[in-house]
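Have a look at these structures, which come just after this line.
Below are two complexes that have chain A in common, paired first with chain B and then with chain C.
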Partner chain A sequence: MFPVWEVPNIGSGWVIGLIAVLHVFISHFAIGGGAFLAFTEQLAYKKNDDRIYDYLKKHSKFFLLLTTVLGAMSGVGIWWAIGLASPNGTQTLLQNFSLFWAVEYIFFALELATFLAYYYTWDKLDRKTHLKLAWIYIGISYFTLFAINGILTFMLNSGGWDFTKGNIGDAFFNPSFWPALGLRMFIMMALAGIYAFFTLSREKTMDLDVKAYLLKYSAKWLLPAVILGPLFVIAYLFTLPEPTQQVIINGLSTIGVGNFSIMAKAIFMTMVFAVGLFGMVLAGPYLNPRAFNTSFAVMLLAAGFGFMFTEEWSREMMRKPYVVYNYMYSNGLRKFEVDKVNKEGFFNHHKFAGAELTTLKPNDELGKGQLMFRYQCTSCHTAKGNGYRSMKVMLATRDKDAIKNLLTMMKENHIVDNKGVAKTMYHGYMPPVVGHQDEIDALATYLATLNSDPAKTTTAKVESSNS
Partner chain B sequence: MDATLLSVGNFQPIPFPAPVPLLQVLLVIGFLTHALPMNVALTGGLVSAILLLIGGKDENAHATRAGRHLAASLPIFTTAAITQGIVPLLFLQVLYGPLIYASSIVIALPWIAVLFLLTIGYYGLYIYNYGKKRMDLMKAPWILIASSVLFMVVAFIFSNNMTLMLTPEKFLPLYQASPAGANLNLTEPTLIPRYLHFVGAAFAVCALTLGCFGLYWKKKDESFGTWLIKLGAGGYIGTTLVQTLIGFWFFWATPQGFQAAKTTTHLLNTSFGLEAISLIAMGLTVKKGSEASFKVGLTAGILVVALMVVLRHFLRLFHTDQYMQPLFNAQPVVIQWPILIVFAIFAVLMIGYFVWLGRTVYNAYNKTV
Partner chain C sequence: MSIPTLKNLNIVQTVVDWLDERVPLKAAVEFAGHKEVPVHKHSIWYYMGGIAALFMGIQFATGFLLMFHYVPTFEGAYASVQAINMQVPFGWLIRSMHSWGANVFILVLFIHMFSTYFMKAYRAPREFTWLSGLGLVGIAMVFGFTGYMLPMDEIAYFATKVGVDVAGESPFIGPYLAEFVRGGSEIGQVTMNRFFSLHVIALPLAMMGLFGLHATLIQLQGISEPESIQKLPKAERKYEKFFPDFFKKDVFVWFAVFVAFMLVVTMKPWGLGPQVDPAAMAPIGIKPEWYFLSQFQALKLFPAKILFFDGVHVAMVFIGTVFGSLAVVPILDSTGKIPFISKFATVYGVIFFIGWLFLTIWGSL
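So, the complex of A and B:
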């Protein structure tokens, strides 16, 4: 019902994706890194070692500049981007969880205030009170994760929750809530260690023994992720909806024959980054701390970023074709309204698309088809050129009839029989195409103009102008 | 149905978690708690740079010291402004989603640019604070000016969106001109006076903040503290008089029905009364440097800001009532009591915690400085 934000070449989804990965990479550090500060400050007091204490002051400055500016701004950025790229999905989540977000805001405000107080009182507060601020920070920042985790996991596994009558607690504490919370906690601890490698590598005047000790100490922050991470991944995957599990299994089982699905690729890449990262940490800062340098630290950060990128990408893939699982498709269409829209017609259902239609000349088949594409397809596809999931590339040389057949099949994409067998091969990957037949024919007319074969493109344009 | 009504979205078929009036109150309170630090963050870079340039190379001059203290506080005000911005934006999207999502998409490119402008400006403040020792005393303030200018561009983009959402008849033509969102709401007659009025108010709030710094410093350094209080009071008088004149321009640009509404008249009369009190109190402060009169002026000044926030909300209600009221009337509400209670409890605890945290930091600094 809202206009669609057209982003040439990359599509609006990637705008969310790029901002989100950056945010996740920093925000996880904001929580795990807080724990690192508290435990390491306690260590400095226990060992009565001012060199560790002095390092922490510098590390906390890095923490301040990264998490309170870029971390906070990229968090706001996700909100900005989802509102532009997926307004219906954002509105669904906000209407449902607005009070949870309000609670998260409280913890976010407390988190930032506590960290600023912590940072600005080095050498000014007594040790006990300063450390107390660090412990408080851990608890508060963990609650920000707690709050957002319920919403993120709900998007992937709404657990058949009833949006109009369900208990909101059941939606929040959905089946994936606890394993995802645990998993993220381990990732946060690992990232705390990885970021510490970087700041330690920048210590040029630090005593080498202390530096080696702190590098080994930081490497140990990855251990929970190494030991318990895989168990929580498995637990998490088992809580996902069965069709999603099936798509994962199908994708992974075809690796042997080289028939990778995109989701399988994403999961495989995540595993490669995870194993590679742990191997690098073992070979580098843990076993050879004295040879460790900034270049190696940057490589570890890059590997950590790669891991987060592919992990978030996998998560996005698992949610396909929904933005809120089993409730709203990625293009904003609500699942339970598919039949209604087919009956009423797409332009009678989608208000803004209907408004745009009023500006077209009567019988402008091509314009109508372009609007169908804009409102039903651009959340996942670009039209021309070699952009993200470009329809020009995907349709290749299909002519209008072939496209019509494809769209007719796509119209039944949501249908599953009594035995759970989908009617089309695109089920579980794409939303159904919806609307009256003449609207879908118009979409076919438009798509045919994207055809890579110039001769067929001309034919389609002529047909369009004749109709 | 005409194109304007088709341009207004709907709510999702999901009940609201709290009654509309409560969400409206949270929106207004949230905006007030955002507006105060945001005003300082917005104009503080410019004000501190002017003070630093006036102080010149004399590091002990009152102007230099004031500029440095204000500049040092700006990252904290910016953090507070961004954090407190979550509340009004959250409830704005919940309550006015049918308008704000569309208007944001219509100006998507400048709207998404807000993130980059704000991030660069924010880092500029830290670059000044951590790099100033290595920089020329007369060159460093330009970083603060640059940050302030970036924040003012952000404010201008916000003004564009906040005015555009009130006029859905513009959504379709603007969107069709650029579906990628390379638009602004420049044809809106209230845009410029509204923007200038709010920026003027932001300078007044920044002046009040300098006066508050004076209250803090007076206990440690009487001369500097009194100078700051007088500066804050004088700055408040000057900026308030200018922005009141711009306010008339803004008022005359609003629809006549809004101007004639009883609520508008009541709110304006009350705020004029409070503004007069604040100006008289600040006048006395400039003359005598009295702490007490500054506090009276400060309280009255903040109340004026609060009333202006309410009036701004009333303007939104006036514009959007025809579209939103039918949607509000049809919108089911299922109160999420447990989470509402949790929110209320944590909100109270947050205030208590901030008091404790503030005291802890205050004591830490006053023990060692």
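So, the complex of A and C:
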């Protein structure tokens, strides 16, 4: 177990989320955009059109700067953020997939090297060799996706691997692997088209006929996502673990009757963005390429980012309450440790939390409760104000006894009977609260102060120090 | 006549030709193509009319769907809206779209109105286009006022009560107006009947009629250009056909705006307050919707007595005059040939806009 990283208002999860979505938005372009360069360069040769060739040179400069600077920086940023926000989850992924990570890094280095070679050899290599570099780049960059996809899908579906024995290949090539791979490939192609709209919109001197032709051509890069994307989404959803499917079905079915979970909102907005993007591309670069300008291109980029944001958000929400499905909860607690922690007590089990407890005054109920909150809740909740999933807002008018009852019930969140019926309604949504009853009571004491007035808080402090 | 074979049969063309024989499709497209849209650095404002039309469509469509489940009675309205929010599949979505849509519609109309004013698009021969547009803004605001009451939650009831009471303070006609709107001395079932019939019959008809006039005038007279563009030599001015060129851009922007709109509708679904108890005291600090805040705030600034007159009467006349001036000032400047009046209209518009914005923000605090 590790110390926690507390981020006020937005929570640590959102720090990862924001960096990760930016990274995904660029890294998917790094792969799809590579394919775009290769196919379009081939097109330039086939049509023997230097104007397309000249455009590609400029486009590849944009590609180079965006993917190797912002893309690489945000990639490193993800590692920093996940290391701080979810050290246990990061440790698990590193330990289980050391070989895959190593291979991924090698291919990432090769990807960079190949693209640098590609970019700096425009007009220096013969056409055939230069194009070969582009095909090599596609192969290498696609393999980085291949490696990451196995690890990402594993976090939602471990493929029956039990983390101790068996074949790691079962975890990597888990049932979600192929649908997710296909889906990401279509998204990458779509993003390649969307980014090309942007660079084409910046072309002020390009022949208008060529520009219109390339805009229409780029619009066609969204077609696989439009036609095959929905089929792969359905296939992907069928490969998810049954409880996750149930959570999705519950979330989507309650959209209709207003009980709208955050996950359902994210999925719904993903669909809205997809339809919106399709309409915008159809009305804009495809049907009206001659009037297309940078403002429209920026709107398309924003809509593309919105799509990626809600799609990745949905994927993350599907994983709840786990960070690694059925193995580790989002707060770093391993599923198999629950009974042990309940028996030993949270502060006895968790070294860092236990060490921090010794810095508090004896019987500091509030301080102890706050520590429980920091270590067990802050990966998904903020405490005060109107922050992300703020406990102040969510607990609203509940008093201490009501909170205590809720927490005591949530101690059994992980329990499912022989018929598969969960013991609590929070099963599948939240990790169990763990610890001795006095530790859970301390958490209730702390949470009750979030909505009480300062006078009551003072009373609680006095009471706790007197007891 | 040659028999079409599969090879030379163009299905789309055949269908279009068949339709064109019965409905003058090609003539309609040609008519739509007559209008040209100027292309210049202020062209962005030309999208506002289309966006407003989009939201008008959203309001009509979602309003129509809401009527499937809404019960327009004093006792039943709240429960029916609650059911729409919680039980009717996708009812919350339609209601959230309708409630958010009303606000966005009025906001876009304001932007359209101010941009048109500052581009001096009201000048001859477009005076009636301006006046019909102004009428549409007025109708949209009455739409908002009548619709606000319909859920019959606490805030809806008391905000309506305050609104009608304020209208009742207008000199001479105020008491009669308030009595007429309420259908009695208190807000009740008769008030609801009147608000509902206004909201779903009279106002939609008025809006469609006025919108038809507004759109036809624009089609016939074309889109106006700002003075700075008019001064350019003809060779330097650029135009594009409204149909299909600008229309495609309009559709693109509609999709973009719709996605942004759905983001708000989904992430912040429109709620429902507690059920009203007409016998209870009005909640403290009750305010009207944002588009009435400037008038509401202005009203509060007037003292109880001004010379021999009631302050509130003076305030109502003042507010009425200021808003009425939006119809008068452009008419004075309709020729654009009197530099003093032209400059006055611009300065007046700036003062009006800043004052309106300031009072709206102040009123919301």
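We adopt the following convention: the second predicted complex is superposed on the first by the 452 of 467 C-alpha atoms of A that agree within 3 Å, B and C clash if a C-alpha of one lies under 4 Å from a C-alpha of the other, contacts with A are read in each partner's own complex, and residues count from 1 in each chain.
The definition used in the following text is that a residue touches a chain if its C-beta (ideal position, glycine included) is under 8 Å from a C-beta of that chain, and two chains touch if they have at least 3 such contacts.
Since the structure is predicted, the reported quantities are computational estimates derived from the model, not experimental observations.
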Figure out whether A:409 sits in contact with chain B (first) or chain C (second), or with both, or with neither. neither
Counting only touches as set out at the top, which of chain B and chain C does A:88 meet: first, second, both, neither? first
Applying the touch criterion given at the start, work out whether A:374 contacts chain B, chain C, both or neither, answering first, second, both or neither. first
Pick one for A:284: touches chain B only (first), chain C only (second), both, or neither. second
May I ask you to decide whether A:395 touches chain B, chain C, both, or neither, giving the answer as first, second, both or neither? neither
So, does A:103 touch the first partner chain B, the second partner chain C, both, or neither? first
Please name the chain, chain B or chain C, that touches the greater number of residues in chain A. B
Mind working out whether A:65 is in touch with chain B, chain C, both or neither, as first, second, both or neither? first
Intersection of chain A interface sets (partners chain B, chain C): none
Which stretch or stretches of chain C touch chain A in the complex? 85-93, 240, 244-245, 248-249, 251-252, 255-256, 258-259, 262-263, 266-267, 269
For the chain A and chain B complex, residues of the former touching the latter: 1-8, 15, 19, 65, 68-70, 72-74, 76-77, 79-81, 83-84, 87-88, 90-92, 94-103, 105-110, 112-114, 116-117, 120-121, 123-125, 129, 133, 163-165, 168-169, 334, 351-352, 354-356, 358-359, 374
Seen from chain B, its contact residues with chain A in the complex are 1, 3, 6-18, 23, 26, 75-76, 79, 82-87, 89-91, 93-94, 97, 101-102, 104-106, 108, 111-112, 114-115, 118-119, 122-123, 126, 171-172, 175-176, 179-181, 332, 334, 336, 338-340, 342-343, 346-347, 350, 353-354, 357, 360-361, 364-365, 367-368
Which stretch or stretches of chain A touch chain C in the complex? 255-260, 265, 268-269, 272-273, 276, 279-280, 283-284, 287-288, 291, 296, 299, 303, 306
